[in-house]
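Take a look at the structures below.
Presented sequentially are two complexes of subunit A, the first with subunit B as partner and the second with subunit C.
This part shows the complex of A and B:
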């Protein structure tokens, strides 16, 4: 079996062993989604009226879709590398006969597999209990959204690698990583659709790669973009993926040169 | 009075140690502080922005909805500021450090709870209190009476006491089981439901948040009292709940301490 498949499976087993962490993670996700679901449900209490151009079913689908995309996209174990670097443990990884990025991606995918399976079950239960009106997209829209989500996963992975590299230059970057992570979540639409924000702020955020993580794929699924907007969005998203990949490679090449394996 | 002064001195000393720790890792602390401010500012912008497109959230106007969110922050900040030490209790127990606390001539629970004082929350409190004052000033004339304002402050204190009871309960579980390190985070995660008025939730959830995990009593009741929507019966319930929960949690804490048999070598 491919060595990266082994990494994936071993990590998957580890994930399933950490039940307490898993429960906490799910409670955190569930409380956020519940609060947002009921807030939007209250704002759209008249199903015949929309909000910001979203119909009732589109907004409820956006909120429940958030639960899935937060699990699939907005998660990365790349941030653990900051600790590995700070504590000199990165040496163990560098000495192994494998590509560090591919190894990290295998870990990420195992993490995402557990989270997505849990989130899908939760979304299904919530949709059933609250009889949520779900928006069913045309298969072509769903396919395009799937392509966009795949690019989102890669984009967040490379952004995570860029951020984790801060450990090469400072052992005190964890607080900033948390702040940056929160900022990315807000800017990606992982708390609420960016259309809610004041126009200037929303336009400024759209110049960054972050809206392509959650807001763009969800809106592609919800068929709120024209064909031209989707094509343009996918091209820009691909551009950001390649850009962040190149940036991550470049930063890591410089970072490893300055790596001192303190405490390793 | 002398005992109070002594405890104030101990708290001050522990706070100074915490401040020193924060200052020594000031770059990292600045990052944590920025994160807390980002979260506060973005959620506040979100609430204000919603009102560009609607007149009310479940009947609440912008100043009222803002007050629910800000009051949630005030109660959460007070709990973080005063009881942050509980978060590290599991380490204190498993590493045997609790034995040293037990022999000190000071109440163990006080010692544990005040072990850490999060000064970053003091900084976050500045915009939170300023925005709260702004939101209160935006309420229609005649809404805020001295009586309502007193009730608001009283119920915030009451909410903080319930938060204290929950922290003590978690501390008791940690001492008793030497596990449960995640229980306090469970409480933190559930608190998130208090960001918005409890009325937006389904009836069943409202019941749970009022009687079982009383987040609503801690975060929604003070604002409701301020805008004159809380009846005397609910105020009595809130006060009774804090009294009972503190009594029960302290009793469980003492039971847990009696059960504790040290884990150090």
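This part shows the complex of A and C:
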């Protein structure tokens, strides 16, 4: 078996040992979905009227889709590398014949597998209980959204790697990462669709990679973009993925040179 | 070919520096001052294949920093270094497959899942074939006696069991070079002995080169013929442990067991110091030990009580090294 597939499986085994963390994570996730669901459902109480160009079913699908994309995209253990660097635990990873990024991505994917399976179950149960009006996209739109989500996963991973590298230069980067993480969630559309924001701010955010994490793929699925906008969006998203990957490689190459392998 | 060649190896760290107090804390928020600390000051050394070398020095001497440079984790500030013929910091795949670094207080095992799962993962990471894996694992399980530990998670293991599991994970790929930082740290005497015996066997079986740091002198005396001592980042001794002891402790202690306790006058007459009932000792220069011994035997039952037993002791390495560290440097460099 491929070494990274094995990392994925080993990490999965470790996660299955952590029932308490899993339960707490579910509580957090459910609280978030329920509060967003009820908020938007009451704002769109008249199903005949839309809001900011979203129909009732599109908005409810956005909210439930958020739960899935938060599990699939906006989670990355790459951020944890800051602690590994600060405490010198990165040493064990550097001493083994493997690609650090591939290793970390395998850990991420196993994490995401558990989270997505759990979130999908929650979303299905909630949609059934509340009889949520769901937007059913054309298979082609769903496929394009799937492509975009795959790119989002990579994009968030590389952004995480870039930010975690701050640990090479500062032992206090934890606060920075926490603040930055929150800003990224906001700018990605993981709290609400970016259309809610004033035009100037929404336009400014679109110049950054973050809307491609959640807002863009969800809107591709909701068929709110023209074909040209989708094509342009996917090209820009790919550009950001490659750009962040190159940036991460570059920063880590420099960072490892100043790694102090603390402790031990 | 030497396993390690280091020439004028130097490492300088920049560490943040500030005075105590709130004002200094606020000032350092805007402007951080750093202080350059020279942890390793131009070390030159060469270690041959299959050698077992003890690396010692007081805390903060630069031992661990040197090990980390040899393994490629730290970039030397200057100097040249070849570990197993590679530039260590290039982290070449074949290099990483030939080396291991074990730090006594660092774990590479996955905390919550059975040790066997961590080992299986290492099998894949080091690309070991099934047969090679099984062969290496069987050997490690036997030598380290960890058959019962494999099914347990590290968080459930005692420190000694965990250290053995850690060694198994670190040696599963059968490295040619072992860099061990305090491998017996915190272990009880029985476990320390087992680890030492294991390392001796491993070195003998596979011709592996071992470089270890330890504050446990027994580790050094039992495992290493050669020691390298560094202090304040500089190499102060590189040679045989035996020569160090000989040059540093030129006397041996002759212990005599008498049939009955000698009187004070008898002791003084023979230059002896009485220790307890019926026992006494005399320190003699190495070259004169045979003469002193035969003279004592000649006086047995005459002006001294009858001698039952006589033994000649080397001063312990621990005593010698403790003296060296206490004095801060070596009198002479042998």
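Here, the second predicted complex is superposed on the first by the 263 of 264 C-alpha atoms of A that agree within 3 Å, B and C clash if a C-alpha of one lies under 4 Å from a C-alpha of the other, contacts with A are read in each partner's own complex, and residues count from 1 in each chain.
As a working rule, contacts are C-beta pairs under 8 Å (C-beta built on N, C-alpha and C of every residue); 3 or more make two chains touch, one makes a residue touch a chain.
Since the structure is predicted, the reported quantities are computational estimates derived from the model, not experimental observations.
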Inset, instruction - After aligning the two structures on subunit A, examine subunit B and subunit C and state clash or fit. - result: fit
Inset, instruction - Please indicate which partner A:3 is in contact with in the superposed arrangement: first for subunit B, second for subunit C, both, or neither. - result: second
Inset, instruction - Could you tell me if A:13 is touching subunit B, subunit C, both of them or neither one (first, second, both, neither)? - result: second
Inset, instruction - Please state, to the nearest 10 degrees, the angle that the Cα centres of subunit B and subunit C subtend at the Cα centre of subunit A after superposition. - result: 90
Legend entry - First (subunit B), second (subunit C), both or neither touched by A:101: neither
Inset, instruction - Pick one for A:23: touches subunit B only (first), subunit C only (second), both, or neither. - result: first
Legend entry - Partner contacting more residues of subunit A (subunit B vs subunit C): B
Inset, instruction - Report the closest approach of subunit B and subunit C over their C-alpha atoms in the superposed model, as a whole number of Å. - result: 7
Inset, instruction - Report, in rising order, the residues of subunit A that make contact with subunit B in one complex and with subunit C in the other. - result: none
Inset, instruction - Spell out the part of subunit A that touches subunit C in their complex, as residue ranges. - result: 1-3, 6-7, 10, 13-14, 17-18, 88-89, 91-92, 94-98, 257, 259-261, 263-264
Legend entry - Complex contacts: residues of subunit A adjacent to subunit B: 20-21, 23-24, 27-28, 31-32, 34-35, 38-39, 41-43, 45, 51-52, 130, 170, 172-179, 181-183, 186, 191-192, 196-198, 201
Inset, instruction - Note which residues of subunit B are touching subunit A in the complex, please. - result: 25, 27-35, 38-39, 42-43, 45-46, 49-50, 52-54, 57-58, 182, 185-186, 189-190, 192-193, 195-196, 200-202, 205
Inset, instruction - Give every residue of subunit C touching subunit A within the complex, in rising order. - result: 13, 64, 68, 71-75, 89, 91, 93-94, 96-97, 99-101, 103-108, 110-113, 117-118, 120-122, 124-127, 153, 181
